[in-house]
Amino acid sequence: MKVAVLVGSKSDLEAAEKVRARLTEFEIPCDVHVASAHRNPDKVDRLVRDPEVDVFVAMAGLSAALPGVVAARTLKPVVGVPLHRGLGLDSLLSVVQMPPGIPVASVGLDASENAALLAAEILALKFPEVVAHLEKYRAKWREEPPAGSPS
Amino acid sequence: MKVAVLVGSKSDLEAAEKVRARLTEFEIPCDVHVASAHRNPDKVDRLVRDPEVDVFVAMAGLSAALPGVVAARTLKPVVGVPLHRGLGLDSLLSVVQMPPGIPVASVGLDASENAALLAAEILALKFPEVVAHLEKYRAKWREEPPAGSPS
Amino acid sequence: MKVAVLVGSKSDLEAAEKVRARLTEFEIPCDVHVASAHRNPDKVDRLVRDPEVDVFVAMAGLSAALPGVVAARTLKPVVGVPLHRGLGLDSLLSVVQMPPGIPVASVGLDASENAALLAAEILALKFPEVVAHLEKYRAKWREEPPAGSPS
Amino acid sequence: MKVAVLVGSKSDLEAAEKVRARLTEFEIPCDVHVASAHRNPDKVDRLVRDPEVDVFVAMAGLSAALPGVVAARTLKPVVGVPLHRGLGLDSLLSVVQMPPGIPVASVGLDASENAALLAAEILALKFPEVVAHLEKYRAKWREEPPAGSPS
Amino acid sequence: MKVAVLVGSKSDLEAAEKVRARLTEFEIPCDVHVASAHRNPDKVDRLVRDPEVDVFVAMAGLSAALPGVVAARTLKPVVGVPLHRGLGLDSLLSVVQMPPGIPVASVGLDASENAALLAAEILALKFPEVVAHLEKYRAKWREEPPAGSPS
Amino acid sequence: MKVAVLVGSKSDLEAAEKVRARLTEFEIPCDVHVASAHRNPDKVDRLVRDPEVDVFVAMAGLSAALPGVVAARTLKPVVGVPLHRGLGLDSLLSVVQMPPGIPVASVGLDASENAALLAAEILALKFPEVVAHLEKYRAKWREEPPAGSPS
Amino acid sequence: MKVAVLVGSKSDLEAAEKVRARLTEFEIPCDVHVASAHRNPDKVDRLVRDPEVDVFVAMAGLSAALPGVVAARTLKPVVGVPLHRGLGLDSLLSVVQMPPGIPVASVGLDASENAALLAAEILALKFPEVVAHLEKYRAKWREEPPAGSPS
Amino acid sequence: MKVAVLVGSKSDLEAAEKVRARLTEFEIPCDVHVASAHRNPDKVDRLVRDPEVDVFVAMAGLSAALPGVVAARTLKPVVGVPLHRGLGLDSLLSVVQMPPGIPVASVGLDASENAALLAAEILALKFPEVVAHLEKYRAKWREEPPAGSPS
């Protein structure tokens, strides 16, 4: 059981670490990699072929190609996280409006928390030990949501 | 192994049937339900508690609450599909901009094909027999993509 | 005569308190509740069935489902207040672009003042003692508007 | 008990008649008036002072001033309906983003159905005979929603 | 020769004073009035009928009705200035997207400088003494533009 | 007394002819020119220097430079008309968001009617014979607006 | 001297052929390839390494990754053409908002004509025989622009 | 070999100097000029005719006419850089949505770095000594991208 979080540059590591922190709390192994679809396509290719990874999380701002490039190279689920760097709408539309044939599971702008939860839910199908963590999280969440604006 | 596709009204059934058609080709059992978060919350609640369902797909237009309402009631992965009914941006933002704590895996506007593929990829983690279908699809896709505009 | 103001989390209480402050000045009883459509649907259900409430005010940011969920569960008028948390357009479109059959009375982004006034105007139809408060407010408003940019 | 529906020109009468048709089914008296905030301010003033009207519905496209102009001249509730004539966002933002002090209850683009329902809900507070109509509508709606895309 | 600048509330006076400052440099008499289309329609009506005014400048934010209301009540040219209070697009679209029959001469967001220049150019048709001021301004502008981003 | 209407290509002549038709009804001489800021800057320069012209109307779509280029070369008032060719927002923002120092009087998307009216109002300051035409138009407009959606 | 035009699927070939038609008129050799960044990264890699190509033109809709992927793999100039398939803004922002380090020369939505002209201008720096073609085109363009809305 | 960078006013010089700094590192001669399409059309004309310039970079905010005006007056490649001064979308759409016949190579908002790289890539076709600089830059970029959010 492993999640691989990919960001294109060191400047996006803070968002990636939020994903890792949440997954670590869930006792889900998580590696964070700086590997850009544009700068290091071979590194992305290599990471994407890692048979131990079950779910990928790819995070990027502006014209955000990384989630789609990962999704086109694997049949594992890919969670895409648009980061708010330019107008906001640029990375959001780049991540979510993928052409048919290349599914990316987009979460909201800068939504590291939901990206981790989504990865955990996917893993929980196969690894029942994750369910207890999700249930505990959900129970706590019912009392007090994470920062933000739940409705 | 089962996918449940939820739409809020009969008028959205056509989009749901596209998801089912793709999943049926992959030999993944798929039920389609008309069950609105607003009109039939109890039906949604009941469907969401079905222990046989592994992945939910929720499709809605305008202010699209259904994906989030499903996601808040289950710990199974929920794929959200914004349908282009009003401005387009309305359902897209309603589905993807979920508050922290309630993960929805959004695909693009009217992206039934990608919703089915994403559900299949998630199931493939647990049910290895799906992998062969995905590989066959991907191989064919490399030759000839589905209608749309791959890049 | 009672107004119930619902917000999804404690972090939105400040906006709710502005509504209560204005209504209190109008001698309109007003309860504020933290009750999320996603986290506490049963609490929302229970609040919505309170026969003493005449008007609901529901406030939420991002993909803002609360106003619609309340509106679908009651036949009392529901005022929706989109809160500016993400792009602004996300909560605005989520609140105002409701599908047919579920009316939400949307005011503008972060418009606590107008939400309170709208609730008061609705109550004034039935409770004539509110009219005097509205007339006094309106008279003062003609001299000096509340902070913002009237035209 | 009376609802007055105002549109700025004959070309918007079709949208107004949809509001009237729904209200007539609910046995709520409803007058439709062509009265523009810009062309006939005196007529608007006169209509707005009609003591028999309980709720106003004002519908307009492009830069849609009518709902706000009505709201500023009455203390009765005003439902605003942005009509999709130009970009869509123009009338939507003009109706919903009112400055503080002038509450307009905005519904969605071209949302005649919801405007009528909202007016009926407001009237039902004072006129209990409307409740039965709303309950019947809601019950039927649970079975089969009006055209559109409920979620 | 006179320009009347109208803003809806004291909080917008700073923008109005920038218009007056520029016009005063051009020796064009300019009155600034706080007169809201919504709060003081009679005051707006009275100001609009002032036979000495040649050009009106109306400035407003959010759903910005003032320029259109002035334009509908006079046959003198009306310059509309959208003020950036909410999303920016709200006042911009409210001012510029006027329905046919009510011309408003919109300048850009917060564009007090251009509003004054436009008023001066209009006056210069009738009052040739303004031309020299405009020529002097234009000559200086060729050397050094006002703050902002000319292209 | 003369208005010059400039469009960048023959394909925009239809919009220009609507301006001319309205002005002709008002007995205001109006010339229509195909003269592009990009293709024929010298022709634009020459037209702009015509001392008989009192008001310019410049119409363009997409990235609409013509109104600003005319405005920068004359001290006469320039009415800008964004034409809906691409996204709509592109020409609208190009025409209205002029940098400080170059005033353009923008009307709405494809608003030929309002462009003609604005030009006539400007001329009426100097040429009182136009006032009667405007008054007659306004009187008729009160009865029956031009096609579109007045509010 | 050669231009390579890349599109991700056969459904985009029509846009590519417009680029080729214009370049062929300029006697500039031009190859059109269906090669998707997602489906055929190796084919893209191979095409990008073709030493005979001087300029690449990459065209894509929705989340349009192709231009950026080509630009990251070559040091030759890459012209990006966003195709209007979904909202329009999605491909436009995906193509133009590239992160620093990967330059893409974006033209407008569906702007095949300008893409060809830009490629020709770039080639003309090195291949003077192209200049005459551009001059002839420009001369003709001054008389009669291509379909669209020049300003 | 020379690049000319044009900005409309001194206030935009900082962005221009970033382009020059990058080009200077590549040993590409680069002149920076303050020359506005609106304020100094003759200066723009003169600069544009400089036979020594191979590539132009034109930078502007708001309604950004400069890149298009330069592109219409030369057959050399023109790189357009929209500067974020108003809404962001205003300059972006003004630069990228050029009408057919006038190619501008747009980069992203405030993308000085990519503008310099694009100019260098274009020059490298003719001046092979630039290639080594680009290769060195690209190699370094693979290790560590410039500030921003590569994907």
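So that you can tell them apart, the chains are marked A, B, C, D, E, F, G and H in the order they are listed, and the count of residues begins at 1 in each.
In this text, contacts are C-beta pairs under 8 Å (C-beta built on N, C-alpha and C of every residue); 3 or more make two chains touch, one makes a residue touch a chain.
What you are looking at is a predicted structure, and each value in this text was computed from that prediction instead of being measured.
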{"item": "Minimum number of chain-to-chain contact steps, subunit E to subunit G", "value": "2"}
{"item": "Chains touching both subunit C and subunit E, listed by label", "value": "D"}
{"item": "Option in A-C, B-C or G-H whose residue-number contact pairs overlap C-E by over half", "value": "A-C"}
{"item": "For subunit A paired with subunit G, centre-to-centre distance based on mean C-alpha positions, whole Å", "value": "32"}
{"item": "Between subunit G and subunit F, distance of the C-alpha-averaged centres to the nearest whole Å", "value": "35"}
{"item": "Cα-centroid distance, subunit C relative to subunit H, in whole angstrom", "value": "50"}
{"item": "Between subunit E and subunit B, distance of the C-alpha-averaged centres to the nearest whole Å", "value": "52"}
{"item": "Residues of subunit H touching at least two other chains", "value": "8, 37-39, 61-63, 65, 85-87, 89, 96-99, 101-102, 108-109, 141, 145, 147-151"}
{"item": "Chains grouped in pairs wherever the two touch, ordered by label", "value": "A-B, A-C, A-G, A-H, B-C, B-D, B-G, C-D, C-E, D-E, D-F, E-F, E-H, F-G, F-H, G-H"}
{"item": "Touch list for subunit G against partner subunit H, complex", "value": "54-55, 75-77, 79, 92, 96-109, 111, 113-115, 117-118, 121-126, 131, 134-135, 138, 141, 145-151"}
{"item": "Subunit D residues touching subunit B - in the complex, by the definition given at the top", "value": "88-89, 108-109, 141-142, 144-145, 147-151"}
{"item": "In the complex, subunit D residues that touch subunit E", "value": "8, 37-39, 41, 61-63, 65, 68-69, 71-73, 86-87, 89-90, 93-99, 101-102"}
{"item": "Sites on subunit H touched by subunit E in the complex", "value": "8-12, 36-40, 60-66, 83, 85-87, 91"}
